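There are structures below to look over.
One chain, chain A, links the two complexes that follow: it is found with chain B in the first and with chain C in the second.
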Partner chain A sequence: MSALVSTSSLVHEFTSHRSSHVALDHVTVEIEKGTSLGVVGESGSGKTTLVRCILGLLRPTGGSVRFDGAEVARMSTKELRAMRRRVGMVFQNPVMALDPRMTVEESIAEPLRVHTRLRGADLQRAIGEALDAVALPQAHRTRLPHQLSGGQCQRVGIARALATHPELVILDEPTSALDVSVQAQILNLLTDLRVERDLTFVMISHSLDVVRYLSDDVVVMLQGRIVEEGTAAEVLAAPQHEYTQNLVAACPTVESDSLRFALQSREETSK
Partner chain B sequence: MTTAPALLQVRDLQIEFTDRGRVTNRPVRGVQLEIGSREVLGVVGETGCGKSITANAILGTLPEQARATGRIEFAGVEQLSLPERERAVNRGDAISIVFQNPGTAFNPVFRLGNQMRMVLRRHRGLRGRAATAIIAERLSDVGLTDTQRVMNAYPHELSGGMLQRVMIAMALLCEPRLLILDEPTTALDVTVARQILLLILRLQHALGFSVLLITHDLGVVKATCDRVAVLYAGRVVETGPADAVLKTPKHPYTQGLVGALPGQSGGRLRSIEGQVPANFLGIQGCAFADRCYAAIDTCRQVDPDLRPVSTTHEVACIRGGEL
Partner chain C sequence: MAHVLIDPPAASPLPPTPRHSLLRTLLRDRLALLGVVLVVALVLVAILAPWLAPYPGEGRGTANVDAADLAPSAAHPFGTDELGRDMLSRILMGTRPALLISISVVAVAALIGVPLGAIAGYRGGWIDEALMRVTEVFQSFPPLLLAMVVVALLGPDLKNAALALAVSWWPWYARLVRGEARSLRERPFVAAAEAIGVPSRTILHRHIIKNSMTPVLVQATVDVGTVVLAAGSLAFIGLGAQPPAPDWGLMVAEGRSQLFTSWWVSTFAGLAIFVTVLAFNLLGDSLRDILDPRKAER
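Now for the complex of A and B:
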């Protein structure tokens, strides 16, 4: 097997005239073709920065990113475009990620026009299929983002990323604005796509259940570093690092009374 | 539960969108909600069912094309008939909100510290060091310990979760009586989410405000809410104590939600068959009937109102008592 994406000692430092901040501190990951990597971690730990570096949207301060063997920082504009054709990206903030002046239909058509030869009726059919896949009614085709709810926007973002049949799909908090039933539908869809198209996934999520469900491997990030990695099953069942242990323990669920942190927190509050 | 008169009472709220005089959508179709003082009410429901827009109606920030009818009483005062000027006084003060989308809540060209200072100046007449001290305190309350960096940052310089926390800090600046949280913890890792929910509960305890919490996370509902209201296609289909509703859901829709959670076991997830109607204008009978395992002929004719199944638990389903 060969890695579709790999980073080696990746460093990214944000600098402004006032200050600088190291968002990625020697991050090394390898993502094999056809596998699914879950990225979890503290808010602000560099997860979004990592995927922006992978896509070549940010230039690393140090280290390197390779996509299918080629170094991203050395790619020409043309090579970058060719790479991005093979990648579908679902951005973290669904509302901001969509162009406010484009209807749903136009948003989904745009990458199809740029990256495929589909036109006319074929293009319309592809848009229709993309909407069906994420369970958005066809009637929403002509809506603008501000006429949609948060979860509806998020589904447009997912439809857009999957429509072009990419090899690698990067999802930054893809189901955070979805109710559990639609989330189940989307997770089932992603699982089917893995089997049908041999897709590779990178999935950032704060929901450990979602990561457990979809990921083979997981990396845990804290303050710009990877503090734990392994198979999702192992890491989430027997976390070694203290941060991961806290993460697993803090997860509220509806099932067990033992995890009722309501009562606990009521007690903590009245202390 | 609500022995004291409710702080917020929403009765028969309807919201319509119009385009050149024509009604194009009716995303809210008779919502009933009640929040007692010091109560935490959770609102859950399918995407697009009208949660955010109901929150906007309560706050008085509906988009221009939208029109609300019905009653919204806050602290005994009907809000919908108030002039905009008076509603604006409450906003960010007695009622404050944490928006679902952090991007829209901030002005991209001002530093965050300045945006927070503006709130304190407008509502409390505070400025200078006094203002900075309160801001720094609220920021560290929400776990943003590097308060200098955060105050000096522009919105795009913070991660999604950091921005969401700044928003929570900003909503708490004026110690509101009603805090509306629209998906406040979805962009946060669970440890921070837990810390923030604890903080909100702690402040709620100390300051005595009420909370309307919109969330998709049923675990969070169970953990933090006294009561919960389940929305479907612009109506409340079930409401009651959070424990009871999640443990023994009576409405087939709520049952479907609880059943769709990804558990520990893996395997294919159970989603609710079908889709929410694209438009709520033409709905006849119960909006859920087409997706419901228990629907009978009558369901397609009658749109049921909420009826009690116990002293505190209500369900809008003609078969609700038996399921």
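Now for the complex of A and C:
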């Protein structure tokens, strides 16, 4: 086992004319291949900045990000593109993350066109496989995002993220914009895909239940700093930091109950 | 319950094709229908004018002084001008140049303005600043004044008038698209494309420009009418088409001195301009509704 992604003392500071804001304050994380890390924190805690630094979309002010041993900040445009082929990203708002004028197949074709030489019939076959992987009927190929439900759009988003067979998948609150019953479907799908394809997950979330279900490890962020880290089970069962304790205590039980019910019923049917 | 939760989403019946909805929108909205009918009629007249005009030769400018200043009658429904030319033929023959000039002006303005606006809005920063200052310089002159400068430099004819109009029109497209691009840039699907690694040139044309086409098409359609009016204005003050060309603005100018004796010369030419502006305005308004992908289904 080696770290697929690691950051060490990562600092990112947003500066405007006069003020500056430290979004990441010496953040060090190691993500082993095949593991799933949950990143928990309120909005503005630096979760998204962390992810954007890992993807190379933001240049860190200090510290380093390594992807499979290579320093992201020193990568050439070509190397960055090669890296992005190995990283898929799933977004929070599934409908908004799809171009309203592009059909399902065009959206899924986009990463394939950028990162592979597949064209024509080969490209169509790859799109078909991506749709199969997320259990969307082939008839949906020519639909536009507004003709699909939120859950279906998120399936398209996952199909797009996985189309190039990445190793790392970054999930930015993948279920927070969905109905609870659909949340369970998407979580189940993600779990299945993770096992099937031996994926590494980094998931941003503020729902502790989703983290509990999908993550092995968890880091809790507050104002750009990691205030607590450990295995998901440990941290959620016995939170040490005051902020995490409040978070666990404030977790709405209604949502967690219905989510647990949905997940249990899945286990029953699969027996 | 459990099955409901885990069944993959079933294929729902396919939504109606866009063609259906276009027809339905037109039938429901009388004004939109009127706009389409008028524009189609104008285009047909533009193409078929030499065969539709009772006196195509007079329409092109051949004088027939024996029949000068005749009031509207069965032989000359719109009367004749002071050189005896049949006004109906003049107006019909004037349709093609009017539309051609107007469409090319709008096309050139959009071809310059759309890419510049998209780059400015998407890139932001100093590129945006620089491009927007340039458009402001162009916009700070009234279009007709700018056109007069260009025509004064290059000499009065229809081509120069068209060039002048395109030069004063493109900044409006640049600003329109820049605004669209700035809001599109913040949309998650653009962030998604960036995260995928799509090159920014591809993002510009595939996501930014394509998604700002609705307001551009609407604006362009309305502008085809507006440019007919502007080109007419230039011809009216002698800076556009030159006699004996069949130009509506020119006809209004020619009839101006005899407005009290031969009212029909200016009136029917003016009406032709009016109908054209109205037709493209109505069409532009209905396009706004039809081109919205979220409204397309209803």
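Just so it is clear, the second predicted complex is superposed on the first by the 210 of 271 C-alpha atoms of A that agree within 3 Å, B and C clash if a C-alpha of one lies under 4 Å from a C-alpha of the other, contacts with A are read in each partner's own complex, and residues count from 1 in each chain.
Convention: contacts are C-beta pairs under 8 Å (C-beta built on N, C-alpha and C of every residue); 3 or more make two chains touch, one makes a residue touch a chain.
In this text, all values refer to a predicted model and were calculated from it rather than measured experimentally.
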Partner chain(s) touched by A:T103 [first = chain B, second = chain C, both, neither]: neither
Which partner reaches more residues of chain A (counting touched residues only), chain B or chain C: B
Contacts of A:S6 with chain B and chain C, given as first, second, both or neither: neither
Touched partner set for A:P137, first chain B, second chain C, both or neither: both
Touching partner for A:T200 - first (chain B), second (chain C), both, neither: neither
Touching partner for A:T244 - first (chain B), second (chain C), both, neither: neither
Which superposed partner A:L208 touches (first chain B, second chain C, both, neither): first
First (chain B), second (chain C), both or neither touched by A:L187: first
Contacts of A:S43 with chain B and chain C, given as first, second, both or neither: first
Shared chain A surface residues [contacts with chain B and with chain C]: 92-93, 96, 135, 137, 139-140, 146-147, 149, 151-152, 155, 181, 184-185, 188, 262, 265-266, 268-269
Residues on chain B engaged by chain A in the complex (per definition of touch): 17, 44-49, 51-53, 63, 100-104, 149, 152, 157-162, 164-165, 183, 186-194, 197-198, 201-202, 205, 216-224, 242, 246, 256-258, 260-264, 266, 268-272, 275, 277-279
Parts of chain A lying in touch with chain B, wherever the complex brings them together: 14, 16, 18-19, 21, 40-44, 48, 92-93, 95-96, 135, 137-140, 146-152, 154-155, 173, 176-185, 187-188, 191, 206, 208-210, 212-213, 243, 246-247, 250-255, 259-262, 265-266, 268-270
Chain C-facing residues of chain A, complex: 55, 57, 80-81, 84-85, 89, 91-93, 96-101, 110-111, 114-115, 135-137, 139-140, 144, 146-147, 149, 151-152, 155, 157, 160, 181, 184-185, 188, 262, 265-266, 268-269
Residues of chain C defined as touching chain A within the complex: 1-6, 8-11, 14-15, 187-189, 191-199, 202, 206-207, 210-211, 293-294, 297
